[in-house]
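Next, two complexes with subunit A in common: one pairs it with subunit B, the other with subunit C.
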Partner chain A sequence: MTITSRVAQTARPAGRQNPTSASEKTGTFRSKNTIDPTYYWMVLPVLALFAFFITLPALVGVFFSLTNYAGYGDWKFIGLSNYVNIFKDPAVLQSYVFTFVFALTTTVVVNVVALAIALGLNAKIKWRTGIRTVFFIPMVLSALIVSFVFNYLFSNSLPVLMERLGYTPLATSILANENLAWIAIVLVTVWQAAPGATIIYLAGLQSVPSEVYEAADLDGAGSFRQFLSLTLPLIMGYLVINVILGFKGFLGTYEIIVGLTGGGPGMATQSVAMRIFSGFTGGDYSYQMANAVIYFLITLLISVIQLRLIQRRGVSL
Partner chain B sequence: MNADALGRTAPLSRRALLKAAGLAGAAAMLPLTGCGATPSTQNGVTTLRFMQNKPEVVAYFNQVIKDFEALNPDIRVIQDFNEGNFVPGLVRNDPPDVVTRGFAQATADFVRKGVFADLSDMPVAASIDPKIQDLVSSWGQYNGNETSALPFSLAAAGVIYNRDIFAAQGVQVPTTWDEFMAACETFKAAGITPIYGTFKDNWTLGQGMFDYVAGGMLDVGDFFSKLTARGANITQGAPESFTSNFGPALPKMLQLAAFSQNGAASKNYADGNAAFAKGQAAMYLQGPWALSQLVAANKNVRLGSFPLPVTNNPADTKARVNVDMALSITRNTPNMAAAQRFVSYLLEPSVVNTYNEKNAAFSPLKDAPAVENPQITGLSASVTEGRYYQGATTYFPPSVPLYNYVQSFVYGKNGQQFLAALDDEWRRVAERTAV
Partner chain C sequence: MTASTLSKPVNNTNPPRRKNLSGRTRKSSREGYKVNWWLTALMLVASLTVLLPLYFTVAMALKSPDQIGGTGLAWPNPMNWENFAAAYVATNFPRAFMSTAFVTVFSVLGSLACSSLVAYAIARNWNRKFFRGSFVYLLSAMFIPFPVIILPLIKQTALLGLDNPAGVVFLHVLGGISFNTLLYIAFVRSIPVELEESARMDGATTWQVFRKIIFPLLAPMNATVGIFAFLGSWNDFLLPQMMIADPALQTLPVVQMLFQGEFNTNYSLAFASYLMAMAPTLVVYILAQRWVLSGVMRGAVK
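What follows is the complex of A and B.
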């Protein structure tokens, strides 16, 4: 009761002198820079949960990456040899190459597709609201379900269709082809991720004032020129956000690959996240923990670079 | 002035912050402390937790538990069929009391870490066929002499065949590799798929053609014990390596793969069961676990099994076996006496033999009756005469993505690369687990 009343009292706009008991008791003048304790109360529960459920387990993981712990039983310190072994493991290195190539490709494709869809949905077309809804459906579906459905399509429907059409290269499932399976994964990921990016682009496009285009029309700029010189620069912040969020998300790709190929055929589509997770079932806990720490450092580096880019663009997340 | 004001108000919020953090921490710790000790004895009734590894036989064990509880009113048994809970249970130091597991590398690892109690003193241990008990101890014994698990069910796998198709084409069960190839040619010439392939599920390639060909060509157990003895000190050129031993077996795998239907790469285990049950192929490289699925898909299908002959000497032909269920008691259980009574009950002939009869498996008891199920009679000679091996795939630590490599080999047909990869993976795992 006392807490709620105090919060209620202090939850007034900061920066005004507070005529309540708190300031009267201390008898001091509250300056504009005083931070209202309410804000601490807002941050605190999340901070505690974050520390307990994310920071602490992560630190425990770092600790065990220096041991030969299998997840249970006896263990001892082995120094950095897990880290040394990671760099000598071609299967792990291959998963890094795959993940980065996949993330780069998918980021580019998702943004091109999403921007195209957003431009279309922003134009004054018929049934705009209905079409928008249809385009956003993939976003509310679970990635695992989507990938199982596509798995069936790629393995059964598509080969039958292609055989009818006499197009033999696709008459066997592309999921069974070591060189093509990743394209199927990119395709499904794009299908699932594009709506999210589209929403952000739509928001961006709606923030562009129509006067700009009217002026461009008067100057005789064509629609492509308008897109390149007006639309794109004006929504650049949204593009940067989409690229950064997308790339970060695709680096952790897991469930779509599990649903489509399970990392196969052979070792062709093993992502880093899958390798790390294999440590839990494989008695390889500490080794894959070392892998996770390395991957964390790499993604941290990428994030720092991206944050720099964002700041230069004047966008803040 | 500003700093002064800050300095005076800050302690209040900081104190509050610490208090809240402490409260949150304490609240979070509360449920954790509850995990360690579950009261297992209440009103004189001991509660046992029994984790078994086969979700498809829950009903059978429910009945067994009911019968057991009727005979032992002071014990209550709770069945858990989610094997995935086992390791988390170990981590929390709260594992189930009685466990069944398929016995292979992963379980052997638990044995080596001393997770299970020694059962060699139990009277019921003497009723187990020593050859089958050896399959368990071949993985290594804790302290060199303990019996950490008693076999409950032995699954024998070979080639499942469609008796009607064999009869219609006048093909006898082959006893040599050449006869087997000739049979495949006969089916192919008649427009029947000789072997149904489900390459999309890579484990079917691993436990199927890879294990069968390797087990038929070389002494798998001996190979792996020599390989393990070398530890991390293994090179591709060493006489113990995969490269030096598996070479001659690989072409036979490709021969088998070539007799599969078109598009085998896009078919999975479920597709395979449905198609084979409908008579879309003459043979299927699967173990007894597929039989019930096949019958479920077509109750009129007449099936048989035979061990795959890999050489031209019929005496060499062996079946692939695995201890599908082995009973263990966790070492630190507070209910040891009750757990031992339950395990003894499970190994009574009426329980264990009935289970194996119902599930197309072989009983591990010394005086088990002969198998009558026509689906597996073709394998019983191999099992009773001890002509069997445990699959090569079961010897691999789970951190090696072996099935992926096997699949890669079947698709890419590059045997040298495949064996070099296995040698590499084996050495790396040995390196990081040896330290």
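What follows is the complex of A and C.
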């Protein structure tokens, strides 16, 4: 973040004062070496707003993470103590463990489900359009409201159903169960996020030429073999994109937890994002800012690793 | 990628689980396609995972308080339509609706205008450091998760008097700008420069070229960006909840949250309210589903 903004700042004067250094390919027809100032006016207001509303808060946040600011009143610099304390705070560490386990599980389940749906939709089924319409409905609904609906299903309908079936272990709400609540969150997240991943897989499956399968048929390869040896390698790029986009999104999960458990029971399902937001009301503003900075560094590290992975695979984003 | 390619059976083959009985006949694409009924049945059953919760929501919304209980899956008889009127009044639906509509409309317009302008300027001046640098800078937002900036951001917007729906619009537009610009730039590059040059010969300014030539040509991408912006804004919970100080100006998802206490004693009222909040996007989607899916698909292919 800070690195890229510095790049932009140094690039700005260079571009303005020295336009002749640029090559002439896309200049206006009037002159090959000067640029119509209109182009700057198209970009500058947005850049200014972006710097003000996105970059500035990020820098302010880093600044306050080095203080003991409670969100109000006086503050003073305390160096890195916030950071040191975070590593000793079981509540924060637990939220990281929960968030990573949740994000990993959800990424796997979402991709398996989405790939299965995409394969089904891409096959020779009847009423394709109608079935497709139904599968993509969750994409247009508010995650929070969906969670409220599932909240009732999990805490009232499911226990009643289980009791009738005589399966007592699940006759109480799984949302109130410290060890099971996270599974409910995974399920609702999958329900909500699968359509988005399915679309990407559909795009991938449709990019595979049918001749490939015809050749495989001639060679006598069965369906499952074709899927493993042909389809999967050919759509690997789409899988990588889905895993990257999904994992990053699930790390920041918030609404669905708010709608289902509110972080409970106890603190069993509190995500990192929820912890950070608690700094707004909890009086530990600077402490949670330090948490946010650590969270940022972790996501950045993951992004860098993922970008490397993409480059090695030669996938274009 | 258009709607027609979406619905077309592009590769003529197999999902897993498919018996290879029809293997011989299926190869010639002339024969049209042979329906796989087993798979169709499987997909229909699977689609219940989506339909059941929706059915449940509708059923609950139509119940009177004494019909609630059990699994909640039974269809109410008689149906209690007054729940909607009650929820309409209780949550002050029109006000929340207008607030949500305000945020959504301006976020969509802002996203379309800002992202396309920026993308055009950057794509046409790619050889200049300033524009390449701007691109990298805007893209950096993709690496900053919202939780990281949210606390200082809220303080900042509150100081500026932007703790209202207008402030949310700013953040929706700026938050989406990296992704939207990325989508637009690829598209602008595919528009030949010669098209603009002839217009410039006739004396058109850069603004006019953008407005009269480029923007209309961007129509397919405008649809994609518009759909993403619409869904993102309408359904957003985090930013309105954190930013909008006055509960009277809150958007529909946040209102559902604010009324949880009240809803807990009256579930049918709650579900009627949920349904009314979900209805607009659901109706738009069902009416324009072909169009919406092809738009989203274009974003996915990018």
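The rule is simple: the second predicted complex is superposed on the first by the 271 of 317 C-alpha atoms of A that agree within 3 Å, B and C clash if a C-alpha of one lies under 4 Å from a C-alpha of the other, contacts with A are read in each partner's own complex, and residues count from 1 in each chain.
As a convention for this text, contacts are C-beta pairs under 8 Å (C-beta built on N, C-alpha and C of every residue); 3 or more make two chains touch, one makes a residue touch a chain.
Keep in mind that what you see is a predicted model, and the values were worked out from it rather than measured.
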Inquiry  = Just to be sure I read the superposition right, which of the two partners does A:Asn156 touch: subunit B = first, subunit C = second, or both, or neither?
reply    = both
Ask   = A:Gly252 contacts which: subunit B (first), subunit C (second), both, neither?
value = second
Message = Between subunit B and subunit C, which one contacts more residues of subunit A in the superposed model?
response = C
Ask   = For A:Thr281, is the partner it touches subunit B (first), subunit C (second), both, or none of the two (neither)?
value = first
Inquiry  = After the superposition on A, what does A:Asn122 contact: first (subunit B), second (subunit C), both or neither?
reply    = second
Ask   = Where does A:Gln311 make contact in the superposed view: on subunit B (first), on subunit C (second), on both, or on neither?
value = neither
Ask   = Of the partners subunit B and subunit C, which touch A:Leu49 in the superposed model: first, second, both, neither?
value = both
Message = A:Tyr295 in the overlay: touching subunit B, subunit C, both, or neither? Say first, second, both or neither.
response = second
Inquiry  = For A:Ser229, using the defined touch cut-off, is the partner it touches subunit B, subunit C, both, or neither? Pick first, second, both or neither.
reply    = neither
Message = Output the subunit A positions appearing in both contact lists, the one against subunit B and the one against subunit C.
response = 26, 28-30, 35, 40, 47, 49, 156, 279-280
Remark   = In the complex, the residues of subunit A that touch subunit C are 1, 4-5, 7-8, 10-12, 14-16, 19, 21-23, 25-26, 28-30, 35-36, 38-40, 42-43, 46-47, 49-50, 53-54, 56-58, 60-61, 64, 117, 119-129, 131-146, 148-150, 152-153, 156-157, 160-161, 191, 199-200, 202-203, 205-206, 208-210, 212-214, 217, 222-224, 226-227, 248, 251-252, 254-255, 258, 272-273, 276-277, 279-280, 285, 288-289, 292-293, 295-296, 299-300, 303
Message = Quick check on the complex: what are the subunit B residues that touch subunit A?
response = 1-2, 4-6, 8-9, 12-13, 16-17, 20-21, 24-25, 28, 87, 90-91, 106, 109-110, 113-115, 199-200, 202, 262-263, 265-268, 397-399, 401, 404-405, 407-408, 411-412, 424-425, 428-429, 431-433, 435
Inquiry  = Help me check something: in the complex, which residues belonging to subunit C touch subunit A?
reply    = 1, 5-7, 9-18, 20, 23, 26-27, 29, 33-37, 39-40, 42-44, 46-47, 49-51, 53-54, 56-57, 60, 70-73, 114, 117-118, 120-122, 124-134, 136-141, 143-156, 170-171, 174-175, 177, 193, 197, 200-201, 205-207, 210, 231, 234-235, 237-238, 242, 252-253, 256-257, 260, 267, 270-271, 274, 277-278, 281-282, 284-286, 289-290, 292-293, 296-297, 300-301
Note = Note: in the complex, subunit A contacts subunit B through residues 26, 28-31, 33-35, 37, 40-41, 44-45, 47-49, 52, 68, 70-74, 78, 81-82, 85, 88-91, 154-156, 159, 171-173, 175-178, 262-268, 270, 278-284, 287
